[in-house]
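There are two complexes below, and they share subunit A, which is joined by subunit B in the first and by subunit C in the second.
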Partner chain A sequence: MRIIVALKPTYDVSQLKFDSEGVPLLDTCPVTLGEADKCALEEALKVKESLGATVVAVTVGQSEAHIKGIKDALAMGADEGYIIKIKNAWNISSITVANAIARFAVVTGPYDIVFTGSGAGDTHSSIIGPMVSALLGYRLVANADKVEVKEQKAKAKCTMEDGTYNYEVQFPAVITVTSEANEPRIPTLKAILRSKNMQVKEIGPEQLDLSVEEYKDIKVIKHMVERKRVIMEASDQKSAEESVIKLLTFLKDEGVI
Partner chain B sequence: MFLPGRELAEKVSGLYGEIYYSDLGPFDPLAYVSALYEVASSFSADIAVFPCTGKGRVLAGLFSAKNSRSTATDVYRVESKENSLVVRRLVYGGKAEANLELNLPATLCLLQGSYAEAEANLTSRINEVSKQNQSCRVEFIPKKVEGIEPDKAEVVVVGGRGIKTKEDLKMIMELAGLLKGAWSVTRPLAVDEGWSETWIGITGLTVSPKLYIGIGVSGQPHHMMGARSSKIVVAINSDRNAPIFEECDYGIVGDLYVVVPEMIKRLKNVK
Partner chain C sequence: MNYEFSEEEKRFRESVEEFCKRYIEPRWVEIDEKGHIPLDLIKRLGEQGLFAIPVPEKYGGMGGNMTLAAIAVEEIAYHDPAVAVAVYTLLQNGWPLALSIFGSEAAKQEILPKVASGDAFFGIGSTEPQGGSDVAGIKTVAKRSGNKWVINGEKAYISGVREMSELPEGGGYFLVSKTEKAEWGHKNITDFVLLPKWHGKMSEKVKPTVYDEIGRHGISTGGFKIEDFEVDDEFRIGEINKGFYYVMEGFNIARVLVAAATIGSARWALDKGTEWIRERKLFQGKPIASFQGVNFRFAELYAELEAAKYFVYRAAWMVDNTYLTNSPRFKPRDLDVPVALAKMKGPETATRIYEEVLKWLGAYGYTKESNVYRGWLGTFSYTIGAEGSQNIMRYVIAREVIGKEYVSHTG
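And then the complex of A and B:
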């Protein structure tokens, strides 16, 4: 079986800070593979162990963070790792990213499964997997919390807004995996050392016959919601009583209770 | 307007001139989108709009890849130009917003609560689209709703990591009941602890009630993204440095096990 895992290194948004003008301080924000992407890789590695598979990790972008992301994937156990060399990868459109992965799958394929995270850690659009499915004509399972892969098909449990869906699909298929699906393995020191000698392969947009659509002038600033921020203290029973009375009065005045 | 079933289509009669439906059964992404392709092939739509839900995002991705549309999700403002749209969307877990220009044709996933619900009294034509081939086997288990659904409630009371046991959730439910609202939790309580089938946040439900009360909720971006369009946000948390105090209207810094019972007592006395 041949499997692609499409990965994206993303800013750790829980650690993102802004300057006084509201400009995000991206240079000081740590960048790692998204949680759901790591779970997608873990699912691929589970298939490799149970049924035998070649696992190919790929990312769209050529920055240090992209190279590091693929090295991490190799350390976890991917057999091959690629970066698709596109500059300013943070600013390209989602359809460009999806096209890059789909063209990569065609050029280096065929594949049985494309695994990817259900959403990236920073934008969380959750549309790349579905786009790749449409471009390749593969079947699609989105937002899988649980995946079970057999020889020719996969079963998956997916939670959506209205309930739980149990799917069974034939390959080839795109399967997007949530961060609830598993606990991604932590590579051993031995695996990290071994992966150091593995090559991160490069592939250019021209090799994939890819046209790159870049967003011009994206302005990103802190999202400010006007809030009143009236903070009350409740350090003991008495101050708790007072604060609760005040709070309920505020809420009545606002007309919300 | 396209809806996956006759009954749903009839519900929005009057709001749209042309309504299409297909009795598609449980969500099979490829069958749903092929019905959409069929609708779209009958006229050229410059803008396709989907809800910013799990299924909406999946369909937006499938639909827009087919004809290489520019796409943006988590959109809450749209301004139209001659051959493009300028949209404002949330990024970085809702901590930041990005302004971007999309060429037409474009696909948008619109955040719930960004715009007021439409009111119209149009003469609707309801058209059936033929049933599409299934791409997979689907078994659907609808979620159990206990009480009012959070995404339809005017008041939502949410329990976070500060809640120590499942038993203590009763306090959250009682407070929600007294305020005639719904209760919910943050993702760790639903997924890690298994105390609820649904949760509020980017991977769960998005709510936009008049009043949101976060109890023992720290205010991580992925949770707040699902609650940010609430009119009034109240936070009760013992940690003064919890990020939720940065984006609440009213906050009480204190032990939720003291504050919440006090709230319940006061609300009962009023009745």
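And then the complex of A and C:
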């Protein structure tokens, strides 16, 4: 079995800071593989361990963050790692990214599964997986919370707004994985040292017969969090105690505590 | 000269950080509060390959080095600033490395894989009730009886006594003992592997007790009496009557990691303090970081912490060259000063940083809620002892730099 895992380094939004005007300070924000992408890689590695598979990690871009992302994937256990050499990859259109991955699958394939994260941690567009499946003519399962791969087919559980869907899909297929699917492994020292001499392979757009389309008009201008203006009123001891309980419940529901 | 960590070292630090954020950071206060590192966390640390990092793979180790072990210990202490988990981890790296250098093949094969996997503990048993710095004055005695040694004595202020008793496999110590009779001197000391609990069975001839301490409650400190405990000769460490030299080299290895733990915790404290002085506003909305009384002190402490880091990683690099790459330029004695610098500077820098950060945080810093005191008390332990007291570090530096003819430990 051969598996592609498409990965994208993203800004670690949990560590993103903003200036006093609400403008994100991207220069000081660490860039790492997105959580859902890491879960997609973990699913591929589980298939490798249970059924035997070659896992090929690929990313679109040639910056240090892209190279590091692929080296991280090799340390986690991917067998091969590629960067598709496109300059200024932060500003290319989603269709270019999807085309690049689909062309990569054709040129280096065939593959049984393309795994990718259900959405990137920064842009949240969630459209790369579906576009890759359309371009390749592969079946699609999107937003899988649980994946079980058997020979030539997979079962997947996907939680949607209106309920839970259980799918069975024949290969070849594109499966996008949510960050709920698993707890991705953390590379051990031995794995890091083993991956030390593994090469990050490069493939250019010309080898994939790919035309690159840049975004022209999209720029993150400002991040705002609206105040909720929830007021807990209290006029005496009893109502103060009730308000404290209400406040705690509210903060818990909001996921603050 | 290269002051940069390698790509693998940086990647390893990131992986330890990720591990800590997932498994240690959410529990560090609870660990300190309850006074117990959960056994499932110890097992997980083993599975992640954070024990026996510098030990060769043929003994179940990770085949890494001391620089990597120091990175792991520093990072763990950053996420457990009370340093219990970091100290447990440093013991499971330093003393296994010492055993892999000086121990018999049988002892290494028997013990090290179980330590690496997190199923057993291996620490140091040197200090006795009458003191720790005067190693030549220990009173525990091993007497030869055929192919065995019969050991009697008492050890005190020993780390990991409870953990050794609780772990499924058990564990033991790099035990320092007099040979045949307890006469003062360093030329009649022999070291042994003492396993009070092994294969899950606790010996009745070793009676442990656990002390009630003021800080870093997660890891136990205790003592044990040894009564007619028999050790096979193949569990003797190195040559008879050379034990003083082996344990001193073992101390040099472990001291580097003690210092690494203290700088990790200090880094947490300084980060917490920095965050506070940026956000705390006084006198018409000025951040307290804008006042020279605060920011000059910050600069001084930052410089001290950076210096301590250089001492730690230089010493780790020297241990690697001395024992792991066997570079002919490096001799064990060359480690004395660089290691003493790291062990002297790390804990003292950490407690200075904690004292200042507590003041920056004002009355909040003095509350238990701030949790800063946990790191203060935890790192303070290492200004007292652990692999050598601070005055022993000063003695070593003075002796080696000024000269033996001028500096004597009895003077």
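The criterion applied here is as follows: the second predicted complex is superposed on the first by the 217 of 257 C-alpha atoms of A that agree within 3 Å, B and C clash if a C-alpha of one lies under 4 Å from a C-alpha of the other, contacts with A are read in each partner's own complex, and residues count from 1 in each chain.
Here is the rule we use: a contact is a pair of C-beta atoms (placed from the backbone, for glycine too) under 8 Å apart; a residue touches a chain by one contact, two chains touch by 3 or more.
Keep in mind that this is a model prediction, so the values were computed, not measured.
Note on subunit A: of its two partners subunit C and subunit B, the one contacting more of its residues is B. Of the two partner chains placed by superposition, only subunit B is touched by A:L247; subunit C is not.
Once the two complexes are overlaid on the shared chain, A:T108 sits clear of subunit B and of subunit C alike. Look at A:T54: by the touch rule set out above, it reaches neither subunit B nor subunit C.
When the shared chain is aligned, subunit B comes close enough to touch A:E161, but subunit C does not. Once chain A of one complex is fitted onto chain A of the other, the partner contacts of A:S63 are absent, as it touches neither subunit B nor subunit C. Chain contact summary for the complex, subunit C toward subunit A: residues 7-8, 11-12, 15, 18-19, 22, 48-50, 53, 57, 62-64, 68.
Within the complex formed with subunit B, the residues of subunit A that make contact are 11, 13-14, 16, 18, 24, 93-95, 98, 118-119, 122-135, 139-143, 159-170, 178-180, 213, 215-223, 225, 227-235, 237, 239-241, 243-245, 247-248, 250-251, 254-257.
Listed in rising order, the residues of subunit B touching subunit A in the complex are 26-27, 29-30, 33, 53-55, 57-66, 68-74, 90-101, 109, 135-143, 151, 154-155, 179, 191, 202-205, 210-211, 220-222, 225, 228, 231-234, 245-255, 258-259, 262-263, 266-267. Within the complex, the subunit A residues that touch subunit C are 71-72, 75, 183, 186-190, 192-193, 196.
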